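Quick one: structure below, then a few questions.
Naming follows writing order (A, B, C and D), and every chain is counted from residue 1.
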């Protein structure tokens, strides 16, 4: 059987390849996908600004939610978000480079809790996100490929 | 002084006109903006699908977060989100038309609580969102225009 | 079959009779239990004060959590809380009489969302609580008694 | 000036001595109070059981909320909870010994985020709690005593 680290990387690559929303529409980069952890990055573009001329909070959430998805699917068990909460701590502006790093805090039975932190290029915390996951049927990679 | 209902409509229109993220990038429609309430609509497009081929939860959040912004700015006091939580109840698929309706539950001092419900074209609840708002300095419309 | 309203009342009475924590330890009163709704009341006593000499937030949460339990068990399907969030809006002081009123916002399949509002004797909002419920096996009243 | 570690311990002791709710009513023990961290313990007694004969979720929250209070007041700046969320992962039963350990995740300006984990005597996670703090005026220990 494939080692957990190698499997997470392979699962991350496969999931990202099919994730039109994160890859093409939002233009995120997947920097790493390890067992129970992931890191993603995204630059704030003009089209992401809201009526207050700051980055729409929805896209900060979306970056965190994508990173959460990679962290919680990293063991090749199909997993979805059942809910999440976010605290917005600093606004993000056009051109800012946001990095989200997230880690599994708890996985018990089918349910997990994952914490994501979004920081800007100066290292300031922009948002903190907590996601709750639920495993569903199936795997990201076919069982044959995961061996 | 302008009547509250008319002011909310005018504030909504001005905020929406400058909200590149909601209007142009996400292609939402603002269906109504009343004092403490708003309704928006968005169709799920192919570019919004994630690696599981369902609508990325981040965009469902973004629809709710935009609607929340219109509801909490509707009294012409500049207001931002300090945090939010969301429960994902049903997946949304390509072509689904999502409507978000939201209402102020509480406004005490500078802080408010707003509840948003996202439903699909069959009337099923896709997500429930609770946002916390904080008033900041300034107004959406210049004071002269709001009179 | 018993009418929903009458059943909720009977379920509430039975659940409250066995709820040592709410009835005896916290000394709450159950003012009403209807289908998907409940109202409870509790006075802040000296033993509930924390190191800042205000009511411990945990007991405000506990009042809301109890009211939530009555609202979500009111249809005689055994239901537990999977999670909750609370916003603390005003402190409560010794002697304050807190009333919590809560209502079902959504019930889809086994999962529900319930909103509770805690107010003081002056009608000010002390806290807002949102609970997520999950139905489990069994009923509060034996099936025979519920008919 | 007193070293941070020593100050946290002194603040914890002073706050606990005046915290009737945690000490006398709930009978919690304060196991440690360090800068941005705290650990507390509580045994589930019969009077804490609800109508389902398990520990009332409100008291699990209360244990976490107390631990959060010690962690966020540990630097001797008076701090209160503005809100919190909790996920209930396993029921707690009569006689169970619950330990809550919590740590500061973020402190920026007046606002902080603290994560608490409640485990039982078998090391199973009973609940996860995230608290949001807001600093207010004043200090726990008079300035003179803190030097």
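Observations on the model:
Everything that follows uses one rule, which is that a residue touches a chain if its C-beta (ideal position, glycine included) is under 8 Å from a C-beta of that chain, and two chains touch if they have at least 3 such contacts.
Remember, predicted model here, so these are calculated numbers, not experimental data.
For the pairs C-D and A-C, the count of C-beta pairs in contact is higher at C-D. With chains reduced to the mean position of their C-alpha atoms, the one farthest from subunit A is C.
As a whole-number value, the distance joining the C-alpha centres of subunit A and subunit C reads 35 Å. Subunit C and subunit D have CA centres that are 23 Å apart.
In subunit C, the positions touching at least two other chains are 83, 85, 87, 132.
Residues of subunit C touching subunit A in their complex: 83, 85, 132. On the side of subunit D, the complex with subunit A involves touching residues 85, 87, 89-90, 105-106, 108, 111, 113, 115, 117, 124-125, 128, 130, 132. Remark: subunit C residues 14-22, 24-26, 46-53, 55-59, 61-63, 65-66, 69, 73, 78, 80-88, 91, 140 touch subunit D in the complex.
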